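Both of the next two complexes hold chain A, though its partner changes from chain B to chain C.
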Partner chain A sequence: MDDSARQHSGERISGAVGTPIPHDSAHLHVSGAALYTDDLPEPRGLLHAAVGLSPVAHARIAALDLGEVLQAPGVVDAMTADDIPGKNNCGPVVADDPVLAPGVVEYAGQAVFAVAAESVEAARKAVHLAKVSYEELKPIIDPVEAVAASSFVLPSEVIERGDSRKAIDAAAHRLQGRVSLGGQDQFYLEGQIAMALPREDGDLFVYSSTQHPGEVQHLVAEAIGRSSKDVVVECRRMGGAFGGKESQPALIACIASLLAHKTGRPCKLRLDRDVDMLMTGKRHDFVIDYEVGFDDDGLISGIRFEFAARCGMSADLSGAINDRTMFHCDNAYFLENISIVSHRCKTNTVSNTAFRGFGGPQGMFAIEHVIDDIARYLSRNPLDVRKRNFYGKTTRNVTQYQQTIEDNIIEDVVTQVESSSDYAARYAAVRAFNADSALLKKGIALTPVKFGISFTATHLNQAGALLHVYTDGTVHINHGGTEMGQGLFTKVAQVVAEELQIDIDRIKITASDTSKVPNASATAASAGADLNGKAAQAAAQTVKRRLIQFAAEHFNVEPSAVRFENNEVLVGGQAIGFAELVHLAWFARTSLSATGFYKTPKINYDRSTFSGRPFYYYAYGAAVSEVIVDTLTGEHRLLRVDIVHDCGKSLNPAIDLGQIEGGFIQGAGWLTTEELWWNEKGELKTHAPSTYKIPVCSDVPEEFHVTILESQANREETIHRSKAVGEPPLMLSLSVFHALRDAVASVSNYQVLPGLNAPATPESVLRAIDGQRAAG
Partner chain B sequence: MASYDVMPDVGLFQPATVDDALRLADRFLDEGWLLGGGQDTYGWLKDRAKNPKALIDISHIDELRGIRKTDNGVDIGAATTLREIIGDASIGRDYSLLVDAARRVASPQIRNVGTLGGNLVQDTRCWYYRRGLACYRAGGNICYADGPQAMNREHSVFGASRCVAVSPSDTATALVALDATMTIRSADSSRTLPAERFFVGPATHITRMTALEPGEMLTAVTIPPTWAGKRFYFEKVADRNVWDFALVSIAAAMSLDGDAVADARLVCGGVACTPHRLKGVERAVRGKTLSDETADAVAPLATKGAKPLNYNHFKLPLIENLVRRALRG
Partner chain C sequence: MPSTVSFTLNGEPVSAEVSSRTLLVDMIREQLGRTGTHVGCDTSQCGACVIHVDGVSVKSCTMLALQADGADVVTIEGVARNGELHPMQAAFREHHGLQCGFCTPGMIMSALDLLQTNPDPSEGEVREWLEGNLCRCTGYQNIVKAVLSAAATMRG
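Entry: the complex of A and B
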């Protein structure tokens, strides 16, 4: 250990926190070598499952005869609700979600029975041989109908502050309106899948494509009539999830597990796309009524919202999702006198569930719509009205749920994107263009995002990790988070690399596994890196502390004189390789394995009064979108997008950039091309990419300028002062919708409020243009 | 509703000559299936909605590939890929209408392998039919798309007869507008048909989209010189910029005499079971100058006699608007 060995300082480990390294599996993703659940080697004797779905939205099952199904070639077994040994439930919060329909079906697409056969084809073919007779009952399909019938999955909730009625009545101007806002299918590339393997003595090992292995474990155990200790769930990665694999995988895993349990053979259930879309939940669609009072500048004095969300046939996560709608219908605006009513409508449709943003996007959609209407009514630049209503930094800074906003940077963010996008000049240019262009019309909009970070259910804001150091100085890291392509595992590995000061390729990223880290929360609420990064850091710190203590004793120095730096450990004046130190420590019988735990500080929130501090902090962003609309066809293109987004001090700017771009485009799809269409009988008719249209590469605007806000460290002490980035950017896409409204409004020379609902498909844009002409 | 996402076991023949291919086609008749780029085929097989015994792969037969100029115009082999057509300089110069149409087909990947023959002979995209339901077109006795609860925003507004499916092919409209001739061969005969008669509606033959009989193959498409270098207009409206079928499209070929229209062929896609000629518009526009006034005056003729279904009324203004744009000065 000569002096030159210490001279290395200044060089950094590879994969340090803040470096834009690629996703750990990128090379596997692009070469097709990444193993998803369906790619795992199939065990001997594997059975394949298929599910019989209800064709009707609401009915009593009068008779169910699986005789022919069981006779079909290759079929080994079949089951109905009556064959479930344990609880017939896969509901995450309320036990109202049957695995297999118990005598009554409540949506078209609901699982009624399941078949296990020797091949996928045999199972899927056999399903159609079932003889089921349904006595149809009257279904309730849409939320407005549900409100009228008081059909709710959970009680309606209210937040009130001030006296909105009085404020509106006293206001110089008033507007009211109703908008409807479509849902969205998660459309993960990898469909829902689970493979259950019986182990000895009735235990089960389950591979599940899930954001929430712990919940799958608990629900599978209950379904087979065992306990959690008897079931292990593992997930190395998902091919996308977007919230669609937060609660829904339990249904898939329960069916595979029940069949494995019944037959004693391993069983895999992989849904094909149509079945996946029919059977599993989506983003909630809403009908939103509003009433608002404001002054000549557009300052809102009072506002009332009534939200009706189509929750589907069960509660699922609808409580928390709709709570988040109530928390985000302020977006970045101070709404002094406000009344919010939120209905969680029970309908005979698939139970809607989590989707990136988790109710937040719908809330923000509502307030952005109102602000846009106000601006148009007053013939003002919508950005001026937005700014007029922004939260203040020291006054006007308390939300409707009584959280004081301490980290408000919305004006900085907006100012930056306003200038980088040249908003003012382009706003004028758009108007000049429209004055001269009869058929093609442009529109532009700037919308902000303020998104609260934390699970609103306080108890979920906890995480665990498990870290082993092997004697060769390499590390195995495991935590309760799951990888769905978002780069969580890479970020957590970076945190561990930074803590132990070793190159990231010395760290093995491992599959989420309920036997390593128990009781983990779902990887959701954008909080994956915040929670699991901290837990992994804590585990690394524990081992590091032990190593420091060992080194201090071994080399006879003060613990404060031991420093980890660039794959080495500096002990007093000497440097020793990390691996070397580890080996010495092991030899001296030092524990090289530790768990880590983290719980988010400061948050507390009383759901009974909807007040407190549900969010640890907020993430901010703003986007400017410019569109062009063909008024003869309603077709439109996104011409240019400028985004400034706040990631705190980014853990990995490359991954964060991907999240911002992807979130934005996914949001644009929600608001423009993706249409879930139910007929009056409650049959979803857009259940495949043929009719349900997600954005594709060429929908990405040619000019797409994304900037991560420079060095704005999180005020709160999050993991390396970073901010969550999974969900917030999705809502930047509201700028696309409002740019479209702007273009549509130009048809009446901005005299008529555009009646545009989301999604703004060419068909609905054309309808809105007609509305402009008819009214103009 | 059966749905699968894996391919079935199916026989595959890869003949090297057209004669061999035709002999195979003759042998298997209804149970054989000509395979071009497979971009329509694979969906059918994957879903088990069509279950041929044998695929006869014609995509590598040299005689069927390539673009040749002849005295009668230009011959395009049926197994020529859409990408090859798009990249061909002489077609681009003389018949840019076809290039513009081919360019709007699907996605680059599909155009790389999809053949002209396959694009023309592809089956309709009625989602009920494609799901394997026993509708009229599948030999059954009901139309699922034409009910009060049915989703039919993509279906026909003209020429329905029990079946309300539409022709999905983008190149078909262009080739009807260009008055192309189809060469059809079987093991023991050969015939030609004008493009317009190649496509058949449900009143003629409800289980087919073209005049091809079992055992027949489309071998080539000939575009006559009549319309070379004339004024063309192609436009396609879809829910999405790429990778999407036409809700309504228009292919127009026009010859001008000074400022006035001497002759015109206007064909709409996505509105009927065959490429739909707008004969009323063609007649009315003859002798008129191309202008906004002309366009506005004749556009309403395009939707005369249209019978929209529950959810596709929006196609009517689209048809008229596309005509307007095709005829503006």
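Entry: the complex of A and C
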């Protein structure tokens, strides 16, 4: 129903589009009654699995003896790569990701064998009885080393526009530098888990905590040597995912399924936190080299980036992730002459994977770093240099991948947060404070976000839904999206409620299930609500059309005289309850079940040339952060944050606000406290919350002002003109990093470029401060 | 050596055979079938498994089942009264103090313990108290809001 009709109705349905209703499972979450995979009733005869991990980063498996493992109390079976009846692969794009190591291990933490036992404890204990001898090979651990050795999981890629070399050489000023940027563990609170149940005729039913049930289905089927029709995968909810459950759950589900298949008994595999962190992929860390030429105002005339990403031992999703880095190293800036080289480094570390932002944050980190350096070099306010380089609305509005930006609102967003945060006055106040403060130094920064929405692989931008209306007027909705806490199910139900004009409590939201909606894309790229909302709307519209046609015939009126409004259907002048009409329609043999399908319009993009329109639209935002740093210890605190973020016309402002706050804090963790640290042997030494620090409650600034940009409808025809909000807010946290740079630079009275690497742990900050002192 | 542990769980007497190494959280989840108490880290750091033992919040992955013998244990399932959400639960729902909800039971149990000793906490006190409860989704803002609002409701 369109907006005008909505305004005309007197009473409104509950849960309409745009209302800030609570998460659909909130009452279950607060009661401990929301069932996550580990909470599901356990089937009779359930076995528990545990995984034997490689302790070394690169080696040939010389001998593997599971004799004692099999003798251990409670153990029922065990398996290695040799026991896999089908394909030994859980790679989502390239078949280079073995489920169990096939003779060679390529990272410390790789699964080598799996055990099934009567209890979790028995399985985990038995793992330690395996006798494995490794002939160690030389590992490559870091991306710089990998580039030197030409060790890549996929070929390096290049985007060029104009002549960056010539532009830089001709520029009034030139800078070059290198910065390193750490990765990040997703740290979903619910660890990876799957439970596989044998069904008749060799079929499997798999409960998997996954953003991509369809992929788990295909890979499990291949691993057990069957086909997709023989496997059903279901996921009602995840306890967080953030990209970490896009491709990784296939590994967990394959192991549980293989053991279930082998033993004929149901089998559950839940990784404990340490194993989860050792065994599964994370956000890519990068080493970034840049060279830039610019004028006296900081306007960039030419820029060259060389990205080296640690992809780990396999391709996983690294191709698309690094493509997105190349697509986002402009952020909100027009870079006329640009050269981007992107290396997808193969290292003997866990295969890195999706994480909120999917390579975008790393690209944006790079350009923001360059802009900040330019401003500091010119002794300018960084915000002025940022503004000087913004994309234009009608000129200077074509990206390096040849997409024309049609919806540029970056200046509106920045202006709004600049004034709401009182940026100019506080910028001056920070400098005044620093002039008088020897040990404590403050810093402030404003950074913008422009983030492209759509899967860059065009074919993934499709979605399906299945909707049933029952004779009592209640509705069952299913779609290919998954719920990881982001509120997708709530938003889709709101869309259906709006379309059918019924209260949201008449709608049952059901688990993602490969037997209901097939071949669904992962719930990722922030596109969950955009895609599944539209698909569900299409299904609802189909049933609604049938009901309209039935009502028109039954009551002998024109179809245009039938209207759905506030739990009723108006037929001519007369109102009839929705349930009543449905019952009549059923009695008259009307189909009350429909599928819906949606594919994103307008996008088309040629990967071979990296050009076209990969993104349907962009989401925008901007943030101002202020920090204080103790220059003796490097410790720092976030004092105040102001955010203005664009959600289009929000489907649910409360949910969107939560995404913005949560995304920002998660990003701040990435850039400040969360450190993945590998030793020279390639062992990850920060694999538990004792050493890997995600933000806690007291890390959130006392002053945290988040505003959703007022009434900016998406100019594209998205679901109710809303915008995707899952990923973009994460990158607002770049303001925290740049506020820290600002504070560090004050140590040399803003004379020396701060050599700060991310994450800006106290140690990293202290190193940068030492650099200031040494050079100053 | 298996031995029998008995205690009161959410007002009901319960008992189970456990080994000397069985963790309280495992007994509650696996043997007693109350799965609202979650395991997030297995190592006493995330707070997802917080319950009350004799009126005090504890991380149930840190306690042996045997140590709870004779105790009064309350889990998230025992917080609602007569089918009505407790004000703390209602506040988490109303104020969107949850996204994936995995941390929520532990958060609520921790927050309830805070209010027992400090019925009118400042925002800073709430933040400090909840440092032992990790949430990866919300950025904590709405959690703090929920706790402060529940505290106000409970003070009446």
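In this section, the second predicted complex is superposed on the first by the 767 of 776 C-alpha atoms of A that agree within 3 Å, B and C clash if a C-alpha of one lies under 4 Å from a C-alpha of the other, contacts with A are read in each partner's own complex, and residues count from 1 in each chain.
Basically, contacts are C-beta pairs under 8 Å (C-beta built on N, C-alpha and C of every residue); 3 or more make two chains touch, one makes a residue touch a chain.
What you see is a predicted model; the values in this text were computed from it and never measured.
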| query | Are chain B and chain C a fit on chain A, or do they clash, once the structures share the same frame? | reply | clash
| task | Identify the partner contact of A:T761: answer first if only chain B is touched, second if only chain C is, both if each is, neither if none is. | result | first
| First (chain B), second (chain C), both or neither touched by A:L189 | second
| said: Let me test your reading of the model: by the given contact rule, A:A63 touches which partner, first (chain B), second (chain C), both or neither? | reply: neither
| query | So, A:G240: does it touch chain B (first), chain C (second), both, or neither? | reply | second
| task | Please indicate which partner A:S690 is in contact with in the superposed arrangement: first for chain B, second for chain C, both, or neither. | result | both
| said: Per the contact definition in the header, classify A:S698: touching chain B only (first), chain C only (second), both, or neither. | reply: both
| request: Quick one: classify A:K681 as touching chain B (first), chain C (second), both or neither. | output: first
| query | Just chain B (first), just chain C (second), both, or neither: which does A:R273 touch? | reply | both
| query | Is the number of chain A residues in contact higher for chain B or for chain C? | reply | C
| said: In the overlaid three-chain picture, which partner chain does A:K125 touch, first (chain B) or second (chain C), both, or neither? | reply: first
| query | After superposing on chain A, which stretch of chain B overlaps chain C: 3-11, 111-119, 273-281 or 291-299? | reply | 3-11
| task | Starting from the residues of chain A touching chain B, keep only those that also touch chain C in the other complex, and list them. | result | 121, 272-274, 688, 690, 695-696, 698
| Contact set on chain A toward chain C in their complex | 20, 22-23, 25-36, 38-39, 121, 186-191, 237-242, 272-274, 484-487, 654-655, 657-658, 661-666, 688-690, 694-698, 700, 702, 704, 706
| request: Could you please specify the touching residues of chain B with respect to chain A in the complex? | output: 1-6, 8, 107, 125, 127, 130, 148-151, 153-154, 235, 237-244, 247, 314, 317-318, 321-322, 324-325
| note | Per the touch rule, the chain C residues reaching chain A in their complex are 21, 29, 34-43, 45-46, 48, 75-77, 79-80, 85, 89-90, 92-94, 96, 98-105, 108, 123-124, 126-128, 130-131, 133-144
| Can you list the residues on chain A that touch chain B in the complex? | 120-121, 124-125, 128, 272-275, 439, 632-635, 637, 673, 677, 679-681, 683, 685-686, 688, 690-691, 693, 695-696, 698-699, 761-763, 766-767, 770
